[in-house]
Structures are given as C-alpha cells and as structure tokens.
Amino acid sequence: ADKSDKDVLRVGMECAYAPFNWTQDTDTTPDGSKAEPIYGSDYYTYGYDVAVAQKLAEQLGMKLEIHKVEWSSIGISMDAGDYDCIIAGMGKTAEREKSYAFTEPYYYRDNCIVVKAGGKYDDVKGLSDLAGTGCKVTTQLGTGWVPLLDQIDGAEQSGNYETTSECFMAISNGVADVCVVDVPTAESAALTNKDLKIINLDEKDTFKNDDEMVNVCIATRKDDTELRDKLQGAMDDIGWNDKEKMDELMDTVLTQQPAAN
Amino acid sequence: MGDAIISVEELSKAFGNHEVLRKIDFNVGPGEIICIVGSSGSGKSTLLRCINKLETQTSGKIRYHGKEIGAVQKEINDYRSKVGMVFQSFNLFNNMTVLQNCMLCTRKVLHLSKEEAFDRAITHLKQVGMAPFINANPTQLSGGQKQRVAIARSLCMNPEVLLFDEPTSALDPEMVGEVLNVMKELATTGLTMIIVTHEMAFARDVSTRTIFMDQGYIVEDAPPAELFKNPKNARTREFLRRYLAG
Amino acid sequence: MGDAIISVEELSKAFGNHEVLRKIDFNVGPGEIICIVGSSGSGKSTLLRCINKLETQTSGKIRYHGKEIGAVQKEINDYRSKVGMVFQSFNLFNNMTVLQNCMLCTRKVLHLSKEEAFDRAITHLKQVGMAPFINANPTQLSGGQKQRVAIARSLCMNPEVLLFDEPTSALDPEMVGEVLNVMKELATTGLTMIIVTHEMAFARDVSTRTIFMDQGYIVEDAPPAELFKNPKNARTREFLRRYLAG
Amino acid sequence: MLGFSITDPSNSLEWMIFLAKKYSGMFLEGTWLTLYIAVAGTILGFLLGYIIGIIQDIRINEGDSILKKGIFKILKAICRIYVEVFRDTPMIVQAMVLYYGIRQANVNITPLFAGVMVTVLNTGAYMAETVRAGIGSIDMGQREGAWAMGMSPMKTMIYVVLPQAFKNIIPEMANTFLTNLKMTSVLNVIAVQELFMAAKTVGGNYYKYFESYLVIAVIYFVLCFVFNRLFTFLEKKMKKTENYALAVEYMENP
Amino acid sequence: MLGFSITDPSNSLEWMIFLAKKYSGMFLEGTWLTLYIAVAGTILGFLLGYIIGIIQDIRINEGDSILKKGIFKILKAICRIYVEVFRDTPMIVQAMVLYYGIRQANVNITPLFAGVMVTVLNTGAYMAETVRAGIGSIDMGQREGAWAMGMSPMKTMIYVVLPQAFKNIIPEMANTFLTNLKMTSVLNVIAVQELFMAAKTVGGNYYKYFESYLVIAVIYFVLCFVFNRLFTFLEKKMKKTENYALAVEYMENP
C-alpha cells in the first residue's frame, strides 16, 4: 500500500482546523498566497500548516500533495500509506512518541484561557484569580491541556469535548466558565464568536509544565526516520526554529482565514 | 314494533359498488329466535356484522329498544355488551388460555370480581363441554373445540340478544346436538337470538321466525312452519328443495 | 394391501404427553372413498395432517404405493403434489386473487404453461361456481366462497388422492349438495378420497368405507351399509344414535 | 488485570491490550454510562413508542363530541410531527438543540439527563413506527372478537392486540436497543463521558484511535451479545405454548 | 441561490444561511454522496437481509443427505456469526477494519466502495432480524396451504410468505433507511466526504459547528421527509385491496 514517491511530499491534515488548516473553494487567499489543492477533490486548503509544508517542499525540491482526513483516522491512514507525514497542528507528547516519529517544533503555541465576554470571569488576569472560585473548566479531549486543568485550584471539571468548537459552545451557553486552549485557535474562534473573550494569562501566574502542548511538530511513521530527518534538515536549512518567524507567519495566516474575511 | 329489542330499518350496505344488503327491514322482539338462512354470499354474515356495528351501513338504521345506535363509541360498547356475537371464525384471543378468553370481558366490561368471572366461565364452559380444557391455548384446540369455547365466551356476558354466525358449522353431529340443545335451553330463559345457520332442521324446530335471504334481499320472513311447508317465493322453494327432498 | 395407494401403519402421534393418535392402521385402495367420522377432538384432522406429512408422526409409517414416505423434502413435495389436501380453515393465499390462488401451484409445481394453468383454474372454478370471482381477494369472500375456491385450487393439481378436512362445514345446503355432487363425480373418475366429515348422509351414500374414530383410535372401519345399519361398537352406536334417530 | 504487561507495544493487538490495561478505569466508567443511558433511554423510549403507536392507531369516531374529536386530532397531529421531526434529523443535532436550548431557558440539566432524554425521544419516534407495523400485523378478527363483547377499542388494544403484537416486535426491540447502545456515541457532543468518549480520549493520547476503538468494539460485542441472549430468551418464552394439562376436575364421567 | 446575502451574520439563523450559501457546493456534494451510499447500501442491504433471513428460516430436514445437511448447517452458522458480529459492533469500527484491512491485503478499494460495503453489511445484519420477525408474523396456514400442494418450502417462501411479510416489514424498512442516511456520518472515518464531513469542514473554518450541523439537519429533514412519503405510498399501495370486478363472462345464467 506504500505509494511513497521520493519526489512528492504527501501530507495529511484535517483541512478543518483553522488557523492551522482549513478548506476553501479558491486557489488563492485574500493576500495572494497560493492555496494547495486537496488531493482528489475540487477544493483547496490553506493555513499555517500548509504554508509550512509549502516552504519545506520547496526547500526539498518536492511536489506537495495534501490529503484531507478525519482526525481519528489521521494516524492509521498514514500507517496505511495514504500519505507520509502529518502536519496538522499536532502536539508532541511522550505518549505519542511511542506511536510516531516527530520533528522538532515548527510552531510554539502559547496557551490561554477563554471566558465569556462580560461574564463573571471577564476580568481574570492570572491563574490565582480563578483559584477557589469553583468555576467550571473544560478543554479539548485527549490533548495536553487536560492535565493542566488540575492546576486551577478548586475548579469543577465539567467534562471535555471532542473539538475546541464544542468547548467554545459550552462557554457561550454557560455550561462551562473557562476553557483552556492555544492562542491561535482562540483567536480564530473569537473572530466569529463575539461573546468569547481571550485572556492571555500573566506570565508569572500561568500554567506550569505545559511544554507538551506547546510543541507543535511534524509526525512521520515511527520507522520512517529517513523522512523525519529529511524534514528536520529542511527546517534547519530555512531556519524554521525561530519563534519570531513562526509567530509572524501565524499573524499573517490568521488574517487569511475565511472567518476573518 | 313498540316493544322490539332490535329494529333494523331500511338497512343497505355496499362494498364499493357491490351491493351486499338492500333495504333490509325487520324487528326482533323479546324471546324471539330468528334464523336467517340463504345461499352463500347472500349477505347473512354482513347483516349480522351490521347489527353488531362491526360494519357501518351505507344507509338505514339500527335501533335497540327504540333508541338508534349511532356512532358514539361509548353507546356502541354498551350496546355490544348486551348484544353479543359468535363468529364463524371463532376469533378466540390467541394470547390467552380458554379460561382467560372467557374471563377477560366479564372482568373488563362487566367489572365482575375474579371469583364471579371464574364461576361464570366454568358454568358456561361446562355447558359446552369444554371445562377440562381451561388451560389450553386456542391454537391447541380442534375446530369444534374452538367454536364451543367461542359460544361459552359469549354466554359469559349474559347478553340480552346473541347473534350467531353459523355456530355449528364446525361441529360434529353429537356436538351440534348438544350445542343446539344449549341454544334451545337458552331460548327458554328469554334470551333473544339471531342465528345464521345452514341447519334447516334446527331452524324449523327452534326458530320462532325464519328469514330467507337472497342477493342482499329478505325474500321471505315467516314462521318456520309456514316457510318450510309452504314457501311463497320461487327462489325460497328452489333453495329448500334439496332440504325438503333429502 | 399390495396395490394400496396409501397405507398407514401403526401410526401414533402425541403432542407432549397428550396422545392424539394411537396405532392407526388402514389402507386406501385406488378409487376408494373413505369417510372418517368421529366426535370433536378425536384426532381426525391430525390423522389427515399426518398423512399429508404436515405433522411428523411419533411412530409408525405412511406408505405411498408401497414406498415409505420418509423425511426427504424432495420426496415429500412429489408425494404431496399427488396427495392434495383441502383444509378446514381454507388456507387461501392472502396475497393473491382467486385466480392466482388456483394457478400458482400448477405453474410452479407442475410447470404448466400460463394458458394450461388458466384453463384448468377456470374449469375447476366453474365446477364449484366461483368462476365469476376470479379477481376477488380471499378476504373479500364469504366463508362458503373461500371453501369452494380452496376445493377448486386442490382439484387443479389433478391429484391421485385428495384429503378433505370437513370440506362442507362452511357451506349452505345448496352448496353442500353441489360440492358433494362434484365430489361424487370425482369419485367416478377414479380419484381416491379421504374425507373427514360430519355429513353422515354423505358418508353413507358416497363412501366405500367409513371409519369411525374415537379418542385417537379407529373404533370401526367398515362399509357404510354395515357401519350405519349395524354398528358393532357401543361407542359408534352412541355417536350415530342422534343421526339415526334424526 | 492481565497477568503480563506490555510496555512497548508493537502491533495492534499489543496496543489494544496496552491501552485496555492502562485505561481500564476510564473504559469501565464509559461502559457503565453507555449502559445506563441505553437501558434507561430504551425502556422509556419503548414506552413512549407504544403510547405514540397506540395514539396513531386510534380511529376518530364520527359519533364523538366535537371536543373529543378536536383533542384527538390535535394529539394525533402532535404525534405525527414529533415522529417526523425526530426520525428525520440526526441525533447529534437533537442533542445539541435540546441540551443548549433547555439551558438557555435557564433550566439546569445535566448532560447525562439530556442524553437520556434525547435517547428516549429518538427511540420513541422509531418505535412508534415499529409498534404501528406490529399492530397492523395482528388479524382484525382478534379485535372484532373483543369489540363484539363490548370491549372499548382502547381496552381491546391493551389486553388483546398489544400482547400479541409485542411478540412480533421483540426482534425489532432488540435491534433498537443495540442501535441505542452504539448511538450513545453522538452524546459526547454534550460532554457525556460514554464509551466512545473514553475511546477518543485514550486514542488521542497515543494517536492510536483505531486500537482504542477496537477495545470498545470488544466491549460493545460483549454487551450486545449478552443483551441479545436476553431478548432471544424473552422471544422464545413468549412464543412457546406449553402443553396444557387437562383440568381433570371438570371431566364428566361418561 | 438565496436572493439576499448576509455578509456579517449575527445570530444562528443568519449564520446558517451564510454558511449554506457560501458552501452550497460542498453541502450539495455531501448530500449526493450520502444519498448514494444510503440508497445503494440500503437496497443491497435489504437484499442481503432477506437472503439471510430466509436462510435462517430454513428448517434442516431429517431426511436430507448428510452433505446437504452439512452445507446447510455451515451456511446457517456463518449467517448467525455474521449477524451477531455486525449487529454487536459499532459501524465506525467495522468501517476501519474493513477499509484498512482490505488495503493491507494489497487490494485497492476506494473509500466510497468500502463505505457502501460497510453499509450493506450492517444493514443486512439488522434486516435479517427484521425479516425473521416478519416471516414469523405470517400465519402457518399460509405455508401449509402451499406445502400441501407440493410446493417446496423455498418456493412457498418466495411466492406466498415473503410477499405477505414484505407488507408488514415496510415501516421497518423505512426506519432502517432513515437510520442509514444518518449513519453514513461515521464513514468520514474512512475519508468518505459525506454530509457530516462537509458540516465538520465548514464548522471548523468558522468555529460554527452548531450552525453548520443545523444546516445539514435541514437537509436531512428534507431527504427523510421525501423518502418517508415514498415508503408510506408503497405501504398504502400494498395494503389496499381494490374492489374487484365480477367476471361476468363466467356468470352462469340461472
């Protein structure tokens, strides 16, 4: 089933996880960036992941081919050989390294909390402001954010959701008070959900040991270290380990997503 | 007509454009035993079903003690609990034993106590010789046995009028005799009966009036002595020829 | 015994521990018309069902032209296409019209052409006076009409032996006469018949042998002249008393 | 748990065992919740389905008073709309609309309660059709037998028709229950921590969704298998007509 | 599409209209695919269900040859296992196992084909039980009438029993079809771009899952409604016994 072709960089992503990747029906974005066609469909995809993939493919002199895939089969599809790497806003954790080979981070995402605008927690500045309030906290299932919830003293963990979107819905509807997510996601969501407020926690009063969720990396099949090393090499060559460059790209991408236009 | 229990007035019934009953008119007085005879398809069963309100007539009226039985469900229920019916196809409840079949309606309609209902059921099951089968399911009975249970079940309601649709058609001669005896006995208790039957001897001996139907019409309605000895109508004569000759 | 069409040998049948047939033994020769009489529940229907292999006997054998009919489906089918059965409860196919009822098995079992099957169906439906109803559905027929269609349907198979379970129980006297005439006519064509009936007059007039059953036993098996005039057994006498007296 | 332990799983089977062992608590909790919702939802849903099925079978009588006719007509219309809406929309949307809708009306309900409610409403709509079909398969003669003795149509339904229809419906009820067991999965949209949610959580930790799903497939299989046997037992029991004992005390001496 | 346009949606309804308009192509494609899978899967699944239902109804005849008995026993065992496995496990797992399993055997199948296959197998297993129940509700007399004239049990099944069972099964078939329409959603796990996948993509772009799901709920409602009418029509047609015309040409003169 392995259809690997040395000249094609085949990437799997959801194409439904703005701002990392999304689906659109035009081949360019508002600022003229080139969106990539989705393999086997008439639609195009763009986002932070796509932009990075484009840079890496160019550096490696490979053609880029992007496959749209549902989140829960993103791993098994790669194992089955549908594509060779995953660039999908995926965080590296010790557990996941049991299953796949990871590059160094191609993005560092900062964590933040999202609350209801004008609500009871509107003016929270740091974690200590939440301690003892008995607020209901939530986050996305199966992510590195889940253990962080324990760091909010006396909070009620009211259940987590499959997607961040559902978390935001819970905030909007008052089912939960505080949601822990990453900044890009929160900013994307806030574009279309005016009742959400993003709070960037005070640096001295924020989550500890949250590196796992911060490190967004490229995954390959566990035994395909050749490709991993190749991708890592390309990242090194174009200097894609500089947080400032990354943040700059993210800032432009944020303005290109459908929700911002 | 004043003291008729049931009056059938200008009753017509059509299925689509197939007219099955045509302007049927007759009264049933207390204690009368009316036998309806006639060839297959002449509308006898349909007439009984109309009287029991299982079919809605196309036109005409059914009166019970002078009161028209319309379409109000409550009235129909009360009326039916007084005017029972024994079907040609038995219609025993398949999900119940013989005993339960005989107790259901006395319990749920007449609100008898369990003991009363049981006593009645046993009494009437004995009458038809089916008491030993109280624990059987209808599917485990022979045709004749089913028919006897169906009769007992109707008797349990102590009805004022009982409609029989060929009650003996599935019985052996022995049983026919017994059941007909039961029916004769019932006649003496003042129970009024309308009986669709092919048993000419029974009609002649038991009925107070015999009605001959043909193609949806009442062709003749007369005391049996008259109808059997001296049928006025040519069609009646033809129908009875075989019987009279046999 | 050598040229018997059907031989029933030591046939017993029990439902649970309720013994319904006990060591039944008799032969049916070609052209014989055997009437089985007996009281309700004596096992007559069960015996016919065993002969048609609709019930599996507890012990004993059924032979057809000397060959035992075992449990091989193919053999049973062939046997049944030669030994038809008319049921007490008609068993017409509800999803078909009268005509389709009569044509299905001739088409699918005998593989007749459509025309042949149609001609046969019409012939036999005419015989029982049901030809005008070819387009009706079984649910639209009266009891007697259904029974006549069921008989015609069986005749269409041109069977060698025909089993009748109370074929006239739902018919009016006129029809009984006609159907019995049809059956008498069939007898002259050499068709062998086993008839469970409560029509004593018919049994006496038509049967070549009459069998009286009681509680699962064959109590008497004799030519009708003998059995009806001079029943040997006390139980037979009692059963026939009513008939003989009537 | 298991006698041996796998620290470095290398194939799907080993992954399954590894995940099942490591997260046994989470899987067990999920199983319990799934069962709870499916059983409660199905039982109440059946009840609802029977009620709706019966209401839909009621024939409005010409002779009834205008008030009664009106009430019945409205009731039947409501039932028809309810059945149509709940059969025709995805359960996941029903769950969201119901849960958030009710909460927006400032009524506090738990996700679990909402989950059971959605399951009940969904099951009820499907069962209503099943019950209607079941009632339709019972011979009219059965009803006429009861009517002819003055039983009201409703009593006839309860004592004569339904018990017989029930027998025919059992396999369908089994189908519905099994579907429900598995449909609880959509309820994680309102944060019900059922079995699928557990699988997704576990799967997400290692990016081993497939293996994690396989673990719950095994759990589902065991649950369904056990319940299937229960339904089959019920069906056999209802179908069986025991050989009856003659009531000798009522035998007459010849 | 819609006559007016919303550029800055502010409530759920406006969002629905905005999303539906902007992604109408994607929703339409999803609808088409969902319909295709549901219709193809259901029709073939019904067929499979009928076949399995019939096989399960076959009574092994004592008198058959050992070979025939053996074949039937094996066939029946296979059917039993198939029905049990596919009823007892979640369709999402079936889809993954089938799709990736077949691919691992180096057979190349498209997600669409795998999706239809899974739907067929799943439907078949549920329908087998429905058909079994349907067959069971037909009076034994109907079979006996045919057997007594030498019809084989199989022909009896085909010409006499099934046509009558079919009538009773229609509402159940409608239920199954509607369930299938909605169950295609799990197929996005094997990259079938059906309606739910469209909703997720659209929802993910704007973080408006709820509104996006509402859009497809409307689409589902329309689809289901239309198909429901079709099934109801079929049912009515099958139930109706027309008044027959007397065949006057065969009337005898009295």
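Letters A, B, C, D and E name the chains as they come in the text, with residue numbers starting at 1 for each one.
Heads up, the rule we're going with is that contacts are C-beta pairs under 8 Å (C-beta built on N, C-alpha and C of every residue); 3 or more make two chains touch, one makes a residue touch a chain.
Small disclaimer: the values here were computed from a predicted structure and weren't measured.
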Chains contacting each of chain A and chain B, listed by label: D, E
Angle, in degrees to the nearest 5, of the Cα rotation that carries chain D onto chain E: 180
Farthest chain (mean CA position) relative to chain D: C
Pair exhibiting more inter-chain C-beta contacts, C-D or A-D: A-D
Farthest chain relative to chain B (centres taken as mean CA coordinates): A
Separation of mean Cα positions, chain E and chain A [Å, integer]: 38
Separation of mean Cα positions, chain E and chain B [Å, integer]: 48
Intercentroid distance (Cα basis), chain E paired with chain D, Å: 19
Chain centre separation in whole Å, for chain C relative to chain A (CA means): 82
Shared interface positions of chain A, touching two or more other chains: 72-73, 76, 166, 169
Chain C: positions in contact with at least two other chains: 15, 89, 140
Per-residue overlap in chain D, given as positions that touch at least 2 other chains: 96, 100, 210, 213, 243, 246
Set of all touching chain pairs, with the criterion as stated earlier: A-D, A-E, B-C, B-D, B-E, C-D, C-E, D-E
Complex contacts: residues of chain D adjacent to chain C: 243, 246
Parts of chain E lying in touch with chain A, wherever the complex brings them together: 22-23, 25-26, 96, 100, 103-104, 106, 188-191, 193, 197, 200-210
For the chain A and chain D complex, residues of the former touching the latter: 72-76, 90, 93, 95-96, 98-100, 138, 141-143, 146, 158-162, 166, 169-170, 173-175, 219
Touching residues on chain C, where the partner in the complex is chain E: 52, 54, 70-82, 84-85, 87, 89-95, 97, 104-105, 108-109, 122, 125-126, 129, 131-137, 139-140, 150, 153-154, 157
Interface residues, chain B side, partner chain E - complex: 15-18
